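Note that chain A is present in both complexes that follow, paired respectively with chain B and with chain C.
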Partner chain A sequence: MKKIKAILENFDTEYVEDYKKIWIKAKLQSSDALLAVAKAVQDEGLRSLSTVSPTDFPDRETIELNYFFEDLQTKRNLWLKCDIPRELEKCEIASLTPLFPGAEWHEREAYSMFGVKFLNHPDLRPIIVSEDFIGKTPFRRDFDWEQHEEDVAKNVQAIVDAFKDEQATNEVNLDPESSETVLNWGPTHPASGPIRLRVHCDGEEIISIDPDIGYVWRALESLVTKKDFVGAIVAVERLCFMDNINSMVGYCMAVEEIAGTEITEFAKWMRVILGEVARISSHFMGLGGFFMNLGLHTLFMWNLGTREFFLDFLESYSGARIATASIEPGGVRYGLDMTMFDELQKALDQFDNTVDDIEMIFVNNPTMKVRAKDVGVLSADEVEDYALCGIVARASGVKTDIRIDEPYAAYDQVDMDYVTRSNGAAADRFKVLFGELKQSVDIIKQAKKRIEEGVASGEFNPTKDHMVKVPKKLPAGEALSRVEWARGEVLMHLVTEEKAKSPYRLKLKAPSFNHTMMLNKLLEGQTLSDIPLVFGSLYVCQGDLDR
Partner chain B sequence: MLRILDFFDYAKSESLWMAHFCTGCCSLEMAAAMGPRYDWERYGYMPTPTPRQADILMITGLVSKKILPALLRTYAQMPEPKYVVALGACSFDGGPYNDSLAVIKNPTEILPADVFIAGCPPKPEAIIEGLEQVKQKMKDKIPSAASQGGLWKEMEY
Partner chain C sequence: MNTVIDAFLFPGLFYALVWTVLLYWFFRKFMAPLHKRVGPHFNGPYGSYQTLFDLSKLLTKESITPDGVNPYLFSIMPILAVITALLPTAFIPWTPSYPVVESEYGLLALIVLIGIEPFLLFLTGFGSDNKYSFLGGIRVLTQSISMETAFFLAALSPALLFGTLNLSEIVDQSSWGSFLVLIPGFFLYFITLLGLLEQPPFNIPDAEQEIVYGFYTEYSGTNYFMLKLAEFTEFMAVFAGAATLFLGAYKGLFFDNYLCFFIKMLLMAIVMMILRAATPRITLKQMLHFSWRYLVPISLLNLAWVMLAKNLFFAGV
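Take a look at the complex of A and B:
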């Protein structure tokens, strides 16, 4: 940490301060120095650029850019800010993509949403937004959505026209003599979900892949600013339904930090239990999806069967199977009736009954081993350069897990270790996923025991301890929170105004964005039949890809 | 007396296949309805990868602007008779995304649905119950809503 501070001393900064335990927060005087600072901290070992988050301040005539640099090895992080002018012509800054290849899509996103131009970016095209928003700046505070949406039919027509143009030019641009063609994989492919991959291929062999995303773009980051602090959890949890709890935990942590609220020990443990249940239900879908993309539905069906028992627990706790909205700023929404743990125990028993069969038949499956052991290989260096996270990073041997690196809720008291493998192939990602399933069940058992002991000794009052009051109006401030989501790191950057009732800006960095970026690299030179396998092994959800 | 044409309606209604097309989050509960606990195949439902073999198009939750043309194109590719089932709050009025202007808020005005299934997301039991209503509509020879009208007829996709 001292070394990073020493580096920052060489540049003109407004301030350099410690933030939380493993972060340094600094603001540059001028955006010209950004490239030099980035180069220096990269040499120091902060090789991953998690995301780029612009915040729009119309009254100050500036756009504030936030860069989040991470070192996955030594767990030192830097939060770097700088201001750039807001006028569209002057809204420019040096691109960091040549240094940090993982920033490519994040800079494209900032360009599409805020109109920030990144100089020397290799491929600065709009991303996520549909054609009718191209050239506009939808996430700026003064963007007039109502006016834009007055004629929806015209906007849809723009999308249709763009698609037809693209299909027409595809055929013109390709050499008619060759066997090259451009295939659309999705958005209606059964294994793809709402994403379209433009696969440029020569016969069976893939030349390049250009993902076309934004099919489930709901503009969540703009949606939360229209809701109050509690109402915003509904938008945040819809980041992805498969693991909705942990994204709410991240958001609530940020709100609590700004409000200065400390939640109770009981609520912390409840967040662990609920979070792990959601993680299990997501991992079950991921495991099943991996084999389903290979064409085998049996595991998916088995997993759905066991997953139902975990959803039963969520239903008994919150009344809803999936959209629970059960984490709220200040704790967890409902008290705990101890009989709900009977449902949880049933789920754990069911898991113990089936886990050996799954391991024997699918995890140690000889066909899968042969098919997936050399496909989609990611090295540990690539993981760091592209800021990958979650199971994808751990399958390549990178020890990163926010639950251990920067513990939140009650994870500092949980006994757990990184689940890693070293080869980084598709098969390894599948095995890490399975390993984490077992790990999550172990964590649930620990947390359940702790709560039961606490209730028995009178330390916890399960019907009263679940919430502390958080004021409806928050002071001006900003907070950064990270959680280990089912798919990896979710980073949230929340900005509030004085006496605000709703968030001023919430940046959601979700893992699938980086992982989808890797598809081109992983599949270049492979055959078409590898697309579902690699895509399935990256454990991508379109919900958090588009947001 | 059972007429031959009635028999065909009966046969069609008892093996409803749906185009495997996910537009939003409700497809997660659709997957759960396929699973062993609810097992909708008992009732003759099945997802099929190609719209050419499908009888039902499900609007699974939100419809973003970008996916609307793909949804309409999938519907157009399906053979008659074809029915539309709308899942969840989003497909009615945008649901939780009602304030978000990146989402189509009247998908069922564009492509009218025969059955609405309420919930966010609807439970698997509700989905199966809704599909049973489609069955009944087919048996009663009620023409599908989308064939009667809707903005989709005037749109290009």
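Take a look at the complex of A and C:
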């Protein structure tokens, strides 16, 4: 940490301060120095750029850019800020993509949403937004949504024509002599989900892949600014339906940090239990989906059977099975009736009954090994350069898990270890996923025991301890929170104004964004059969890809 | 009159229809417990009307012909596929009083007619003017070429053992002894059968996660039904071929009749289903590798073994 501070002292900074345990927060005087600072910290070992988050301040006529640098090995992180002018013509900054390849899509996103131009970016096309938003800046504070709707209504025919044109000219630019063709893998494809991969292929061989995303763009980051602090959780949990609870935990932590609230021990443990149940329900679908992509539906069906039991617990707790809205700033939304743990125990028993069969038939499946042990290989270096996280990083042997690196909720008291493998192939990611499923069940058992003991000894009052009051109006401030989501790191950057009733800006960095970026690199030169396999093994959810 | 019965009742169109409807239902119902599901449930006893309803739905739905395809090629292929799939039934000795066409070259007719089918399916993909269909068609072709070599060699082993291509005679001469000699041949036949019928782990041509539905992609309504009928009739032809060549056709433990034949075919369908529930798909490259590196050499070895066994054990026959 001292080394990083020493590096920053060489540059003109407004301030350099410690933030939380493993972060340094700094602001540059001028955006010109950014490239040099980035180079210096990269040499120091902070090789991953998690995300780029612009915040728009129309009053100050600036856009503040936030860069989050991480070192996955030594767990030192840097939060670097700098201001750039807000006018569209001058809204420029040097691109970090040549140094940090993982920044490519994040800079494209900032360009599409805020109109920030990144100089020297290799491929600065709009991303996520649909045709009618191109050239506009939907996430700036003064964006006129009503005017936009009028524009769309007026130009709807032109937009439709442009879309059709784009479809029709799919192959126009290809060499007519070659046998190269463009295959639209999605958005209506049995295994794609709402994403479109433009697969340039020659027969079965893949030449290159250009992912086209944004088919489920809900503008969640803009939506939360129109809701109050509690209402925003329903937008945050819709990051992805499969693991919605941990994303709410991250958001609530950020709100609590600004409000200065400390939640109760009981609520912390409840967050652990609910979060792990959501993680299990997501991992079950991930495991099943992996085999589904190999043309085998059995595991998916088996997993859904067991998953129902875990959803029963969520239902008994919150009344909803999927979108539970059960984490709120200040704790968890409902008190705990101890009979709800009976449901949880049923689910754990069901899991213990089926896990051995799954391991024997599917995890050790010889055909799966033949298919998946050599494709989609990611080295540990690539993981760091592209800021990959979650199971993808751990399957390549990088020890990163925010539950351990930067413990939140009650994870500091949980006995757990990194689940890693070394080869980084698709099969390894599947096995890490399975290992984490077992780990999550183990964590639930620990948390359940802890709560039961606490209630028995009178330490916890399960009907009253679940919430502490968080004021409705928050002071001005900003907070950064990270949680280990089912798919990896979710980083939330929350900014509030004085006496704010709703978030001023919330940046959601979700892991699938980086993982989808890797598709071209992983699949170049492979065959069409490997697309669903590699795509499935990256454990991508289109919900958090587009947000 | 007899010809009409043969062509439209048994072992012709009606028989194939009943087989398709029942087998389709059986596949669904049998897969369900392997998946920990219930399967068809509400329509009729054990949901057995489900496929009948599906059939009537498909027959009454609009058959969409996409823009830009040759409508004749597009619509004639399913019909040709059904007819070609039905023809082998004429050569199968279902009971002692069959086959319909008594021929010295029954085995040859059987494997040739089974071998033509993939080319028709390739043409359906070729005629659909769709990239996924075309890829599916190419995959059918690649797979059938590499699988058929081993398939033919395996199917020839009983002919070598008994010294005849006449299917009735093969059944007549078959015994427990010949069954034991032909076991390796039967396994080879069964593996290549999975490849020819595009069943897991060789369901590469209609791999829905990769190329949508292969050559089926553009087909709907009646045309789709015809293709499915052709697929299931093909199942019947290939299973019946296996039962005739290796398992003694209608010969049973206690009595000889069609029921024994049916049970043998059903057993093969069950094994195929279990494989379907437990094996992921392999890639085209791996299939080619497996076929030419292992299956073809082993089926040649199998022929040598059959010749040897013939001279050792059946020299007097």
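Convention: the second predicted complex is superposed on the first by the 536 of 547 C-alpha atoms of A that agree within 3 Å, B and C clash if a C-alpha of one lies under 4 Å from a C-alpha of the other, contacts with A are read in each partner's own complex, and residues count from 1 in each chain.
Keep this in mind: contacts are C-beta pairs under 8 Å (C-beta built on N, C-alpha and C of every residue); 3 or more make two chains touch, one makes a residue touch a chain.
Fair warning: this is a prediction, and the values are worked out from it, not measured in the lab.
When the shared chain is aligned, chain C comes close enough to touch A:Thr181, but chain B does not. When the two structures are aligned on the shared chain, A:Pro190 is found in touch with chain B and with chain C.
When both complexes are overlaid on chain A, the residue A:Ala168 reaches neither chain B nor chain C. Contacts of A:Pro532 after superposition on the shared chain: chain C is touched, whereas chain B is not. When both complexes are overlaid on chain A, the residue A:Asn365 reaches chain C alone and has no touch with chain B.
Between chain B and chain C, B touches the greater number of residues of chain A. In the superposed model, A:Glu204 makes contact with chain C only, not with chain B. In the superposition on chain A, no contact is made by A:Ala476 with either chain B or chain C.
In the superposition on chain A, A:Gly295 makes contact with chain C only, not with chain B. Residue contacts after overlaying the shared chain place A:Trp145 against chain B, while chain C stays out of touching range. Taken together, the two structures place residues 189-190, 301-302, 305 of chain A in contact with chain B in one case and with chain C in the other. In the complex of the two chains, the chain A residues touching chain C come out as 181, 183, 189-191, 203-204, 291-298, 301-302, 305, 361, 365, 367-368, 370-371, 527-532.
Across the interface of their complex, chain A is touched by residues 34-37, 131-132, 135, 138, 200-201, 203-204, 207-213, 277-286 of chain C. The touching residues of chain A, counted against chain B in their complex, run 130, 132, 138, 145-146, 148-149, 152-153, 155-157, 159-160, 163, 187-190, 193-194, 214-220, 222-223, 226-227, 234-235, 238, 240-242, 285, 301-302, 304-305, 307-308, 311, 321-323, 543, 546. Taken in their complex, chain B has these residues touching chain A: 19-25, 27-29, 31-32, 34-37, 47, 49, 51, 62, 64-70, 74, 96-97, 99-104, 120-121, 123, 151, 155-157.
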